[in-house]
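The same chain A turns up in both complexes below, where it pairs with chain B and then with chain C.
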Partner chain A sequence: MDKPVNNRAWFLVLPVLALVAFSAVLPLMTVVNYSVQDTFGNNQFFWAGLEWFEEVISSDRIRAALGRQILFSAIILAIEIPLGIFVALNMPKKGVWASFCLVLMALPLLIPWNVVGTIWQVFGRVDIGLLGYTLSKLGVDYNYVNDAVDAWITVVVMDVWHWTSLVALLCYAGLQSIPDAYYQAAKIDQASRWKVFRYIELPKMQGVLLIAVLLRFMDSFMIYTEPFVVTGGGPGNATTFLSIDLVKMAIGQFDLGPAAAFSLIYFLVILLISFVFYTIMTKEGETL
Partner chain B sequence: MTQITLENLAHSYLPNPSSDADWALKPMTMTWQDGGAYALLGSSGCGKSTLLNIISGLLVPSQGRILFGDQDVTALPTLERNIAQVFQFPVVYDTMSVRDNLAFPLKNRGLPADQIAARVAEIAEMIGMTEVLNRRARRLTADAKQKISLGRGMVRQDVNAILFDEPLTVIDPHMKWELRTQLKELHRRFGHTMIYVTHDQTEALTFADQVVVMYDGRVVQAGTPQALFDTPEHTFVGYFIGSPGMNLLDAQIQGTEARIAGATIPLAHGYGPLTGKTQIGIRPEFLTLGTGDQGLPFTIRRIEDVGHHRIVRGQVAGSDVNVIVPEDQPIPADTNRVIPDASRAHVYRDDWRVDPLASERAA
Partner chain C sequence: MAAVAESKGRGAAIVMAAYLLFLMLPIYWLLNMSLKTNAEILGAFSLWPRNPTLDNYRTILTDPSWYMGYVNSLIYVVMNTVISITVALPAAYAFSRYRFLGDKHLFFWLLTNRMAPAAVFALPFFQLYSSIGLFDTHIAVALAHCLFNVPLAVWILEGFMSGVPREIDETAYIDGYSFPRFFVKIFMPLIASGIGVAAFFCFMFSWVELLLSRTLTSVSAKPIAATMTRTVSASGLDWGVLAAAGILTIIPGALVIWFVRNYIAKGFALGRV
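Here is the complex of A and B:
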């Protein structure tokens, strides 16, 4: 059967095109525009070429922030992915407790970012916070305001508290979709618990794990609100991640040109690393 | 390899079964002989798979014991029963090659590599997958995957029994026949106890030496295909085995006669007075068409020619009755009677066959 071809059908795409252009393409292009120009105010712009890009790339401050950001995402993924899998494996499969666990797991995901930040900001305070107070009474020298390591630990634990649920719920969904027959067959084949995980559960979770890794990577790489609320990027620059630095630059100092160049590089880095994850994980699936 | 005994075994999926209907398996005691080829036959939901899963240990029975030889394995997990089971739908380990799939149960038992390789090659040959041994299992078709499942079930030589839970459902008809033949061949060569669950009577009758028919959570009859055909102990067996199944007619039994719909037919044996629902069961093969006033009044509804014989579908006093007529015999247009072969008719009371000699003695 021949499909009727009518090129006027393209007009049907116009509304979407207009919306996307208005909401995404034009703002992005504005950023591109800023990134190659300089201004001294009065809406007067000068061509700056790649100057801002060179400045951003060679900035020690931004490089340090990038280093912290990569370290942060690496720690987050290294903790949340295995922990999420572990939690999902141990959640009840059915019954009242399954629903109970699901609700419990979903709770942190429902709390707005800045509220999570505020909760931990107060929770960790040595003078009035339950955690900080308890730790200091136990003789642990904990103070996220002054100590860089403590600040890091607080931010990491907070993120794990906030987002491990997401990984766990995704993995749980993946596990639920495995038919009973697989587990039965594994029993019949006398497979050990580890082999059941390695050859049945892990392969069946591959799809959701890919989503979990990508989401958690992108989110943690772009993290802003919670560390901003808890530590404000301090002490010093210890928890100043890329987005905090970027906001300081763009809105604090109104350095639109460098901030735009920074944004574009930031965006490309996220895109590149996500692509690498995607490629590795889908390829891994082929050979796993 | 060992003899499997079920002792007063019963199972319910409910925590507190009260009525009869709550039990998926009603109490049963039976023995599966070492090296036997059994078919477990019954319609969907009659408890076949439940029974199989109890034998393999995937389910723990609500009551009763399972013995492998003299050992009580009721509480033993599947892992320690050393039993193979093939499921209705294919289960393959997606990320493994076909070879690793077949080798998996052997590797788990810690066999030396050369033995594993030899055994895998043998099984691959049998299921016809030698060429694709290095392929990844994920991409194969459903019936290829099911063949892998079958292969994995048969790869261990020291298993106590191999259980098949409707394994050929997803296989195409030609391959079905071939695989069944290979299973039989395998049974002859290695003498494993095999229990084959199916709801297809052809499959059951061609595979097994002993057919165990289940109905509503009970084993209603276990016997050779011939015994099931000749002497169904329960109306369900008569109905389920044979194509079409046994005809059942409500009847009053009086000594050596049965009164059906106002007509009287002689019986080959004598019966005592029977209470409850009494029926005469006779297979379509043992009815002949006739005219006049002998036998039972019969009206023809439809004639189906199935090639090597014809099935005449009709009614006796409102009940459906089928008659099988050989190709070379004419069907008279004025047929108004069926005449049963008295020696092939059985009497059933509340669905169970009544033994004529015993009740003759009682009378």
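Here is the complex of A and C:
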């Protein structure tokens, strides 16, 4: 389908451009500004060049946070994507039950993120939480406040609880678009369940799966509120992810220069990885 | 089709039941706590409230410093949704119908704003809105949330609009419709479900966001989510009220889901199925 070339279409895009320029470009320029200057208060700024960038890149603390962040995103993707596909395959196709499942599954997605944190903070407590209490009665030594591994497990399970439905709903939408004729043909060919999945369902879900991976990667890489409420980044620094570290630096310690340099590097990392996903995605769109 | 449904049958039902149970248990636990007194929460462990009480809810619904949090949140969420959809509609139309200089780059640049970590923008936003005197107003939060909602709205609407055949536009122009009249009278009703889905997503992401809305407000526009965090640290953990406040934040979302349930799956695929 060829779209006509019409540069007057720019007028239709102008409002968006003005709004986003105001709410994204202006603040971003502030960040760039801070990242190359130093200040001793009183609004006096000095040119610092790339000093902050060097400091950030060589900082052990930030490298450790980046490592944790990558590990976290990798674990999240490795659990949520297969689980989401699995759930989508088992959802009722239509009718009242399908609506029922859709509504219940979408519910965690609409809970404010700090409430999600609060829910799991309470749920995991050994004294008053169902999960913590049950585990301790079963003799499992579980305490997310003091134990780094338990804190990690809690944060990961919380994220799986919070976001797997998004993947499942996306895959469900992809599955809905497969015509019945495909399944009938597979039945005539006596294809096994696995082959139906591998050669019909998976290729048809490719487009939505890429959206799912992109969204889940971006959001898990930016995660802040939920782990902050549950663990506050602890015990020690065990669950201090990039955003938590950044907010500590910028608002807690008011280290504007390093925080700004950190922000830019952080943003660029996300941009780079997302650009790779996006390129793959649009290529797929053209071949379909 | 019946055969396929049968072969799914019981196994699928068990999987779904287990998954939904996993989703609902933590929410049930919060609901359970919200119906108990603090003494009961901390005293005895029980799977359901022995003496159900609505006191916690009464506390919230009669105290302005609590319930104004909900009002504030709803005000800026609705403002944000209206602004986002209004500016996104023409832009999405341009992207879905025409090719123009730099269109692909512009589209990706818009998406990059969806990828920007809120933590990066918190401090600059604070300074920007303070310097133009909008700090602690609803419109400041609404504008800040446009950062990620406008790109998303453009993306979703573009997907839905591309599903409408271009012949409809051309026929309308031949019939003598001007562009604004065509857009409002003919085109918008055609993509009504898309607008609904886009509005749902703007509502959702603005409602759940906390970092920016907390940074940009102090008293008069403070969102409910921030009210909750402060009460936790100040008054020595009033678990019952905290749980009741949490349950009340879930309700608007649940209502909105109910209205868009038939479009939700397509919406999550951003209109691209």
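Keep this in mind: the second predicted complex is superposed on the first by the 257 of 288 C-alpha atoms of A that agree within 3 Å, B and C clash if a C-alpha of one lies under 4 Å from a C-alpha of the other, contacts with A are read in each partner's own complex, and residues count from 1 in each chain.
Definition applied: contacts are C-beta pairs under 8 Å (C-beta built on N, C-alpha and C of every residue); 3 or more make two chains touch, one makes a residue touch a chain.
Keep in mind it's a predicted model, so treat the numbers as computed, not measured.
When the two complexes are overlaid on their common chain A, residue A:66 makes contact with neither chain B nor chain C.
Of the two partner chains, chain B is the only one touched by A:189; chain C is not. Applying the stated contact rule after C-alpha superposition, one finds that A:181 touches chain B and leaves chain C untouched. Look at A:151: by the touch rule set out above, it reaches neither chain B nor chain C.
Once the two structures are superposed, chain B and chain C can be ranked by residues of chain A touched, with C on top. When the shared chain is aligned, no partner comes close enough to touch A:238: not chain B, not chain C.
With both structures placed on the common chain, the touch criterion links A:222 to chain C but leaves chain B unconnected. Looking at the shared chain after the overlay, A:200 reaches chain B, while chain C stays out of its contact range. Residue overlap on chain A between its contacts with chain B in one complex and with chain C in the other: 187.
The touching residues of chain C, when paired with chain A in their complex, are 1, 3-5, 7-8, 11-12, 15-16, 19-20, 22-27, 29-30, 33, 41-42, 45, 47, 83, 86-88, 90-91, 93-95, 97-101, 103, 106, 108, 110-125, 127-128, 143-144, 146-147, 150-151, 154, 204, 207-211, 215, 224-225, 228-229, 232, 239, 242-243, 246, 249-250, 252-254, 256-258, 261-262, 264-266, 268-270, 272-273.
Residue ranges on chain B touching chain A, taken from their complex, read 53, 56-58, 77-79, 82-85, 87-89, 91, 93-96, 104-105, 108-109, 149, 152-153. Only residues 3-10, 12-13, 15-17, 19-20, 22-24, 26-28, 30-31, 86-87, 89-93, 99, 101-115, 118-120, 122-123, 127-131, 133, 161, 165-166, 169-170, 172-174, 176-177, 180, 183, 187, 193, 207-208, 211, 218, 221-222, 224-225, 229, 242-243, 246-247, 250-251, 256, 259, 263, 266-267, 270-271, 274-275, 278 of chain A touch chain C when the two sit together in their complex. Put simply, chain A touches chain B in their complex at residues 179, 181-182, 184-185, 187-192, 195, 199-200, 203-204, 285, 288.
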